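Chain nomenclature is as follows: A, B and C, assigned in order of appearance, with residue numbering initiated at 1 for each chain independently.
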Amino acid sequence: MSEHLPILMVLVPLLSAPLVVFIKHRKASRVIATLACALSACAAWTLALQMSSAVSYPLGGWRPAIGIELRVDFAGAYVAAIVSTIATFAISLGTRGTREDVVGREMFFYAAFLMCVAGLMGMVVTGDAFNVFVFLEISSLSTYTLVAMGKERRALTAALNYLFLGTLGGTFVLIGIGLMYQMTGTLNAAAVSARIREVEHLRTTHVAFAFLAVGLGIKLAVFPLHQWLPGAYSQAPHAVSSFLAGTATKVMYFQLIRVVVSFFGVAYVFDTLHFGDFLLPLSLVAMFAGSLSAIFQPSLRRLLAYSSIGQVGYLTLALSLGTEAGLNAGLLHLGAHAVTKTALFLIAAAFIAQVGDDRLDRLSGLGKRYPLLSLGFVLGGLSLIGVPGTVGFVSKWALLEAVLAGGRPWLAFLILASSMLAVVYVFRVVEVLYFRAPLANAPPLARERADWGSWVPAGLLVLVSVGLGVWSELPSEYVATAAQSLFGGAR
Amino acid sequence: MTLPNVWNYWAVVVLMMVGLYIVIAKPNYVKKLMGLSLFQVSVIMLYVSMGRVTGGTAPIYILDDGAPRPFVLYTNPVPHVLMLTAIVVGIATTAVGLALVVRIREAYGSSEEDVVAELDRREVEAANALAAQRAAESDASSATAAHAGASHEEHA
Amino acid sequence: METAITVVLFVLLLATAIILGRQRNLFAASMLTGIFSLVSAGLFTVMEAVDVAFTEAAVGAGISTVLMLATLSLTEDVEAREKKISWPALAVVVLTGGALIYGTLDMPNFGDPHAVVHGEIARYYIDRSWDEIGLPNMVTSILASYRGSDTFGELGVVFVAGTSVLLLLGGRRSELPASGESPGHERPSSRPPGKRHAHVREMPVVRTVAKVMLPYIVLFAFYVQAHGDFGPGGGFQAGVILATAFILFGLVFGPQELVRHVPPERLERIMAVGLMIYGGVGVVAMLLGGQFLAYGVFTPSHPSHGHHYGIFMVELGVGITVSAVMIIIYATFATRRPSLAPQVVLDAEDRCETEVSADDVPLVPEERALRSGADLLAEGAAGTDAASEVPS
């Protein structure tokens, strides 16, 4: 059984989706969807904890390169475990925050959600370039629909804009894969990286990499290509925005790492193409522009969305260093930010459920009324800033170390400076929650009682983000192994 | 410098760019989706072009008495397989996009990007104005509350 | 000769694309997308990509054109206004196109049989797939067996499309009229009676021809499904053709009538079944001790037989889901109750909005003629009178 784990974590959500549509039962569909995500997470964690080296699974029984190979290394197992776990947490919100016409047709919502999970998991585990594209499109297409299910009409435009940009990104990836295939004659990651040496001086190869990088850059929301993100994250239903915030850009980041490390090779990408020189300035702009915009957002979820653009800047900054330490920091930050941002979106969902609106000023003075929820937000915010004792500190520290090891202290200074901006936008929420008088004329709160569906998962994730900050060797050691095996195989 | 014989690819690139231009520049959503499918079909041409072998026949075995005839030159079947998938992805995207356009037309009364963006901008402005007003009223009412008891006649 | 045909086809494609870009009448534009797909299918045939050509003709020229027409009957059929050349867009296009042209400079010559791309794996499939799988059509062997997981994912994409359209548009169906009534017939029309064209459903020739053709289309679909092993075709193409029969029925006899005979609730289940069949075949292979989609384990003594069974089953799954999803998508678009909200337009300064009906948009006579022809199609496609959404 355990040899099938790589395919099972994709297959369980992928086959639960038609099951949900077939059974057509509103309540059952929620149960099945939750179970499927949990099972997928179990498979991913089992694999992540028991593997001793990269696992290869030949689909259809064909040898790699002839058939499609699933290939899970430490980093892949780590990302897969994060994605499926966050899916399990996010789906606990159910169809909250969706438009009314979803009522009675929840099974399609859950089916789309499951397909989205399956697509992202598939992208992580597959070792075949074209298979990546197929899974990418499964997850993208379901994401567009899920985003459109948000309550306001702006969700529709956010979804359609995402569809245009996302499809262009996907098609760019397709062009890149095609050119790569034309140059190497194969689609398998290992085979491509073995062949790329012979063709790396050719202009077609350069262009292939450029198209893959730009296509994934759109999906990853790298700075000038990020326009889809704020709308999509702030308008989507709560389960969807919590899930996307923690996973979508992270999986694309992991793909970009794999394109750089596993397909084209670090030496080629950084020494020949000078990819770092393009990525570094964009990352810096993203770090500052994203965080600055977050400060001025009127709504909680938009604030968190812009903060994500800034955080993507840290991720790409780590990659642009082109060193093992950078990769290590990037992978750590991927996990840290996934946990933190999902927790914050879940808390935002809980607040919105209480006050019925996601405008920041509606939260005025609610800190005393919801002490635990507000405390959760503060702790999550501290992790976003990177305060010691939180998981955000662990990853930011690794990033600083990587930067200093690369002999660029001014970068370390810029990272600290942009963290100050994070302090500002987090404190802005804290100020509203604790130091403002409650609105005298606010409409009454929707619910008086706590609503466990979103409190429990949010609380658990906050505990995780603090716990991993205290016992920081747990993630650090695993990720260090992952980065080492990824990078070691590349040079 | 001798150029390789790649004019076929150049023609494909030109078609692709016409599609891309329509997607980016045209304000009408349906038109944009048409441009998108033009772009995608052109990418399919790119793949099929790279699979072409001069003088090669379609990748279906020519059988002589139930066994494939030896020494036949076939076109590369791999790009064809990949592109069947890409065509399906294209129509799926078009269908979802068109469904979204219909919903947007119903919700906004328009399927033009600039009109919809303008309506969105106004909606945000109105919401901000409402919030500012609410905050001002809140301040005023708490001020009066401090003096002479609560008065909540103002409506939000 | 082949080069000459290719050049002609490319010129046609380019002309179509440019006219499409400039055409403000969206009905005409959607016809042009259909033409573009059809011509590119011709190009694929010239390049010996028969399966791709078949699929592109069925999907691009058939289904997607119908979908666009159905959409236009629910939205506007004319682009709001002429837009000047967008320089940023042009810059992006020139940059992207320039990069691609730059990339072609080191490509192997077009049609070079010694290119790397025809190397290892392509060579393997051409040399070995007859012995290992034994199907004449290599494309079928590769897509259903060697790269079966891609096709599984592709079916997943189709399933997502069906789910998405149901989620987005399935909530508001037009009421089903009592049987016997022809919908759209009694709807008030804003057009003067004399100018109104005869409804497509009232044309005896169309009805009779459609009735005669339907069984043959269905038969052809089954043929394509079964023949995919030997020639171009397979589950995907067959599914689309089968769906075409139902869509033709909907166009001629009205989508309400289609929905009455083929309830969407049932199709939703069928669409799920196809994907489960495909996945189920893979899971059975796992239970028998092989890997996911390793059909060889079905008949351990003679693996190529196992491949035949496996490929037959997964192609069946593909055919079922694809046809169900295509019918669902069409029926959902066509039975969507049209919005009666008037069109919102902004005036020149983008400041205040005014409401105009589509009839106020000035049209040159040819476009007027095109429009009335297109209205006819729209009525067929959506079962609604396109004019009724615009109060005059």
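Here are some notes:
Here is the rule we go by: a residue touches a chain if its C-beta (ideal position, glycine included) is under 8 Å from a C-beta of that chain, and two chains touch if they have at least 3 such contacts.
What you are looking at is a predicted structure, and each value in this text was computed from that prediction instead of being measured.
By count of C-beta pairs in contact, B-C exceeds the other of the chain pairs B-C and A-B.
Of all chains present, the one whose mean CA position sits nearest the global mean of protein CA atoms is B. Centre-to-centre separation of subunit A and subunit C, using mean CA positions: 32 Å. One finds 16 Å separating the Cα centroids of subunit B and subunit C. If you average the Cα atoms of subunit A and of subunit B, the two centres end up 21 Å apart.
Residue positions of subunit B with contacts to 2 or more other chains are 20, 50, 78-79, 82, 85, 89, 92-93, 96, 100-101, 103, 108.
In subunit A, the residues touching two or more other chains are 130, 134, 137, 141, 144-145, 148, 175, 181-182.
For subunit C, the set of residues touching two or more other chains reads 100, 104-108, 115, 117-118, 121-122, 147, 150, 153-154, 157, 160-161, 164, 168. Residues 6, 10, 13-14, 17-18, 20-21, 26, 29-30, 33, 36-37, 40, 43-44, 47-52, 55-56, 59-60, 63-64, 67-68, 70-72, 74-76, 79-80, 83, 85-86, 88-90, 92-94, 96-97, 100-101, 104-113, 115, 117-118, 121-122, 125-126, 130, 136-139, 142-143, 147, 150-151, 153-154, 157-158, 160-161, 164-165, 168-169, 230-232, 236, 329, 332-333, 336, 339, 341-346, 350, 353 of subunit C are the ones touching subunit B in the complex.
Of all the residues in subunit A, the ones that touch subunit C in their complex are 4, 7, 11, 14-15, 17-19, 21-22, 24, 57-62, 65-68, 101-102, 105, 108-109, 111-112, 115, 118-119, 122, 126, 130-131, 134-135, 137-138, 141-142, 144-145, 148-149, 175, 179, 181-187, 191, 195, 199, 202-208, 210-211. By the touch rule above, subunit A contacts subunit B in their complex via residues 130, 134, 137, 141, 144-145, 148, 153-154, 156-157, 159-160, 163-164, 167-168, 170-171, 174-175, 178, 181-182, 298, 359, 361, 437, 439-443.
Subunit B meets subunit A in the complex at residues 20, 23, 29, 32, 36, 39-40, 43, 46-47, 50, 78-79, 82, 85-86, 89, 92-93, 96-97, 100-101, 103-104, 107-108, 116-117, 120, 123, 127-128, 131, 134-135, 137-138, 141-142, 145, 150, 152, 154-156. Chain contact summary for the complex, subunit B toward subunit C: residues 3-11, 13-22, 24-28, 30-31, 33-35, 37-38, 41, 44-45, 48-61, 63, 68, 73-85, 87-96, 98-103, 105-106, 108-112, 114-115, 118-119.
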